[in-house]
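When the chains are written out, they are named A, B, C and D in that same order, and each has its own residue count from 1.
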Amino acid sequence: MVRIYFAGIDLGSTMTKIVIINDDEQILAYVVHHTGAEHRHLANRVMEEGLAEASLSIDDISFVMATGYGRINVPFADRQITELSCHARGVASFFPNVRLAIDIGGQDAKGLKIRDGKLLDFVMSDKCAAGTGRFLEVIAAALGIEVEDLGGISLRSKQKVSVSSTCTVFAQQEVVNHLSAGVPLEDVVAGLHDAMASRTARMVQRLKVEPDVVFTGGVAKNAGVVKALEENLRCPVLVPEEPLLSGALGAALLGKEHVLKALARGETIQTGERRLDRATFFEKE
Amino acid sequence: MTTEAKPRALNRLQSMYALRAEVDKMYEGGVEASEEGKPVAWVMLEGWSNAILNAMGVSTVFPENYSSLCAAQGVATPFLDRSEAEGYPTHLCGYARTCIGYSSRMVELDGEIPPEAPAGGMPKPVLLVASGEVCDARFKWFQSLGRFFDAPVWTIESPYPGLRERLMEGAHERNVNFLIKELKAFVAFLEKLLGKKMDWEALEYTGGGTNEINRWRWEINELRKAHPGPMNTRDFWSAVTAALFRGAADPDVITKGFERMYDEVKERVDKGIAGINRPERYRLSFEGLPPWHSLGFLEQLADRGWNFVIESAYRPPRPITIDLSKYSDPMERYVRRRYRRLEDSLREDYGPEEAEIILDEIRRDGTSPRMGLRHIKDYQVDGVILHVLLTCRSTSAGLNLLQHRLLDVLKVPSLVIEGDIIDVSAFNPAEALRNAEAFEETMDHYRKVRKELGMPW
Amino acid sequence: MSYYLGIDIGSSTSKGVITGDGDVIAQHLLLSGVNYRLAAQKLVDELLAKAGVTREDIACTVATGQGSANVELADQQIADIRCCARGIYSIYPSVRTVIDVQGQSTQVLRLNGEGQIANFVVSEKCASGSGRFLDIIANVLQIKLEEVGPLSLKSKNPVTFTTGCAVFGESEAVSRVAEGVAREDIVAGVHQALAEKISSLVGKVGMEERCAITGGGALNIGLISWVERKLGVELLVPPEPQFVTALGAAIMAEDTCKDG
Amino acid sequence: MAEPSKGLLRAQEIYQDRSRRALELQKQGKKVVGYLCIYPVLEMMTALDIVPYRIFGDMREPITKADSYIPAVNCPFLRSCLDLGLKEKYSFLDGIVTTHICDVGSSLSGIWNYTVRTPFSFHIDTPHTLHETSLEQERGLLEDYQKALEDLTGQKMTKERLQEAVRVHNEQRALVRELYELKKQDPPLISGVETIRVIKAIQSIPVDEGNKLLREVIDEVKERNDGPQKKSARLLVWGSILDDTALPEMIEGLDANVVMDDTCVGSRAYFGDVELTNDPLDGLSHHYLVDIKCPRTFRTRDYTDVRKDYMTDLAVRFSYLRDYVRDWKADGVIMESVRYCDTHGYDVPGVRDYLDSVGIPSIYLEHDYTEGALAPLRTRVQGFLEIIE
């Protein structure tokens, strides 16, 4: 039997994610890399890594779907779809009963209203870094803490402080003030998480908060934010095992759907002519 | 908000408390009326509809005021969030968003008053009376409440022409006639809605009572010119609600309350007692609407010797006797009692000489730099706080212009403080205090400038 | 001799000045870090050591800046705007307009002939209008902060930043680099945006010559040049602009002592 | 004049250098009067041979001077207009006419008078309701406006001149509608970007010249083979103000064509004619108060009706949008607004409720009137396109 393979690549502002699946929707490989300055031109390398892990060559892949902030400039992609649709699809494949998905990435925060696996409506943050993953990164860096450690620290808090500045840079200032005044670190970090969660909760309210609520994106790895979000939304929040992958997985799945539709129309799918060119990244956005 | 260790810096008026209690009574009255099956209307504060509604036996409650009450009690935020959840942009008026959130909550509770609502809450309305006066929010907001209530909305239309346009020949009489017709149409609508006839005699009473209250308020403000200022704006804001928002309240009781306040302020003037318990270092005016959630901030400023001796909003007009003998139509009497010719009110307000200068400037430039400055001069104000509201276009759009006029004409500086009437998160007290400290130097500087120019203060 | 101490605990750096007989005896600058209390203590210790005096020799101490509440030995806290005015007046009595570019905000002051604040305005609460934007961009482009200014002056075609957020400006800068945009055009874009914001603030208080620039931002010759172009005036730059506020605090300390 | 270039190219030239023609005419002795928004009855200017010149902002120019006169928490479009005024971009105007389009618009008239000091100014306090008294009031205000314009020009506005002006402006409305007819085809014969250029061009020159330009554009567009490509989605844009091609450019750069609009630099001023009444002021006051559908006016089914029903109310206010969607075969609606626009802001949930009730997908985009800030909106528009696909 001939297998068909699909790849989804999600070029986020901070992380590059690749998922390779087969026509049974099994995940054969996934790679998550920092989209750090040195990696920006290297989407093709990340792809190579994914292919190696799946023991496939680029010619085996029937369809590459690109999504995320840098989706426009992936030369080896067949098509681009927004991360909104891809996240919705990816999240629904993990949690079929999802009705509200929240994704907090490095660059923005999104709320997705999903019914029967389909994206119906969405909201997005804009303009500034408040309420995005960058918010926590910037502050963690200022505190000299690894961003991964924030969650654990905040869970020790007994009495969170309030962080009122919306501007990330000034919130950082506020944090320093609190610490200087002798507030324990865990209470300050818990305050940051709460500020972020309440901002997110306000943003997604218009979509109606109904379970299942699923939380993805880099920030979903932070148990402190998850807890704060549950408090602010007043309902349980589900987090997939690998919360960074929903976009890339959704992209691969949408790629598969695209191919199946094409096949159903009697079109043939092309393979074997793909070149893994370097990405000319972030051209327009 | 504030932590007071020292004796309070503000010297509160005892007579204020009774007036403030009347406001709570008004809301209780609204709920009672609703429980008794009497009609309750939600009404925007404007000069026209309230007396008419009361004359028709309709109880009135005031969502604008109610929102400020929610803010003052620290319970507005959940309502604001709810409005956002309904899809209303967050830059819309804080009063409106609080009310929209409240209405949405009422729908969730099948029309019941939310248990968390302060002062007993506002009962479900049979009518919404919007206003085309002062700001757009006041009719757009009630229009949008259609999402929550099937109560009809009547928008009271009143003229708000440009200054020069008000001076055009025939414009004043046209505006008067417009108002008379418009309000008669409103009465006809009410008669249709309520199935009863207007009580025109009652209007003579409900409409006339305002003048008596305003006369006391005007007299009190006259006393406030004294040095040191006998009454801080904090007391003004606490009491003004009773004067402006009179639904079920008895005009006589309110009148008495302000009469008592007059006596108390008079006594202070006679004894040289100030509205703050600190030496009066600076006399200030508060321009715009206050941060209802953080009025305690005035305590901190009072501690620095800042006495807010006057404010721009809701200043009562100078009492005058208008000859209504020519007019027999009760609505015409009602309208002519309040809607004054611009020339006349300028002359009363600024005196004949300055009024002529102002009128000339308006005719020439369409605007006059001297307008809106009378109280600054009369109260010998050292500085002005301009409260720029995040969610209020109509009060904030013109404040910078006022700032320029104050400096150009009177050499009085102003300090811009950004904040909001409802949204506490828009206000940064620490920052405001820091700027206030620096502003003292600015006030000192302009004291010298005025002195050099031979100005009286 | 009596000594006076001015301590300015800013958001990113803390500065201190000791004066005696009207002269600066010692000055010191260190990073504020995450604990202002510690920074203040360390700063005082360093200053005393530099001046060769003890705490007891200090007649009066004034603290100012973001973290002024953390200076334990302060006799008084005074708003940084006032200290800045006092400091610049002691250096340039003829100055009437001061642009104080700090790490996290910019303020513009108008002074009268006696150094009193005749008017002032503080930038809005968003880092896009503050000197921090420059730090962030310098960091991401791996250029030393002192080099961004001179580099920006080489640009013929400054980039327009589409984001209003300093934090996002960072990623925007990165993407511009990837597009092949020259680094000087990127830093020039940041300078230009900042100069525009500053000129808008100056517009609010009204410009009167002479005009000086202070704060950490005044170390940036590029920024100075962009602001000069925008305003059409020449800016006076005190020799050590980042110490002006601390110097003002020390002078205020002396005044306080003499007053009472 | 040199050999006239073809319509679209001419429209683009005017779009890029708006004031050239007005300045030429001014040199010939004509008065040029600026106006904000679509309510200052242009017919009355035309009747006195005044060149009406619409005041726009510039979303590509940072606001640096206006901030000391209007706080930044106000409509960035109007702030930008004032900013350009303070930068002397409108100093050639002989006058300015404002109306109560919104609170900031009204405040702006006073601020403009104090700062920009255009020699002549007039403010029309357009009522907010459709009450009978409001109609009479609007008519009365137009009488004052007439007097003011007569004083400015020293000429009499005769009934005949005004009727003639109404006729020419109605012709303009008809031509704009004819142009919009061409957008009903798939692909539309003229893009959203080109439409804005044309509308902005005709709002920069006298009405008769505008009509000539429109005729040229229509004739050219009908014959063109370089028009917009066929795209997956056809969109209607509802909203406040779009006086720059940046937003439609972003949308049309994706897989969509903007085929219809209801914004104030678009169809809003041109759908519906002024009735040629015996006294032209009757038809004019009715048209400007009743026919123009801008959220600044409070509309309801029948203002004397004591019953109220939300969905009926919405249908009365917004069913024309459903008609646009049907006639122009739009697949979805983009609701657009500049930040701090109260009048549009209050209507957003209602418009959305209405569109939902008739099964038309919609998305709301708020922007702060800077070109750069539009880029992040692209993902939203694209996401919306994926939803309606």
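Here, contacts are C-beta pairs under 8 Å (C-beta built on N, C-alpha and C of every residue); 3 or more make two chains touch, one makes a residue touch a chain.
Please read these numbers as outputs of a predicted model, since none were measured by experiment.
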| item | value |
| --- | --- |
| Pair with more cross-chain C-beta pairs in contact, given C-D and B-D | B-D |
| Whole-Å gap between the CA centroids of chain C and chain D | 46 |
| Chain B-chain D separation of Cα centroids, rounded to whole Å | 35 |
| Chain centre separation in whole Å, for chain C relative to chain A (CA means) | 39 |
| Inter-chain centre distance, chain A versus chain B - centres from mean C-alpha coordinates, in Å | 49 |
| Contacts with two or more other chains, residues of chain A listed in rising order | 127, 285 |
| Multi-partner residues of chain C (at least 2 other chains) | 125, 163-164 |
| Per-residue overlap in chain B, given as positions that touch at least 2 other chains | 86-87, 416, 428 |
| Touch-based graph of the chains, sorted into line, ring, star, complete or other | complete |
| Residue ranges of chain B in contact with chain A within the complex | 81-82, 84-87, 425, 428 |
| Chain C residues within the chain D interface of the complex | 124, 160-164, 193, 196, 199-200, 203-204 |
| Chain B partner contacts - residues on chain D that touch it in the complex | 68-71, 73-75, 98, 100, 102-104, 106-111, 113-114, 117, 121-125, 127-129, 131-134, 136-137, 140-141, 144, 147-148, 295-296, 298, 300, 303-310, 313-314, 337, 339-340, 342-343, 345-350, 352-353, 364, 366 |
| Residue numbers on chain A that touch chain C, as the complex places them | 13, 37, 40-41, 107, 127-129, 134-135, 138, 142-144, 165-170, 173, 176-177, 179-182, 280-283, 285 |
| Interfacial residue positions of chain C with respect to chain B in the complex | 78-82, 85, 112, 116-122, 125 |
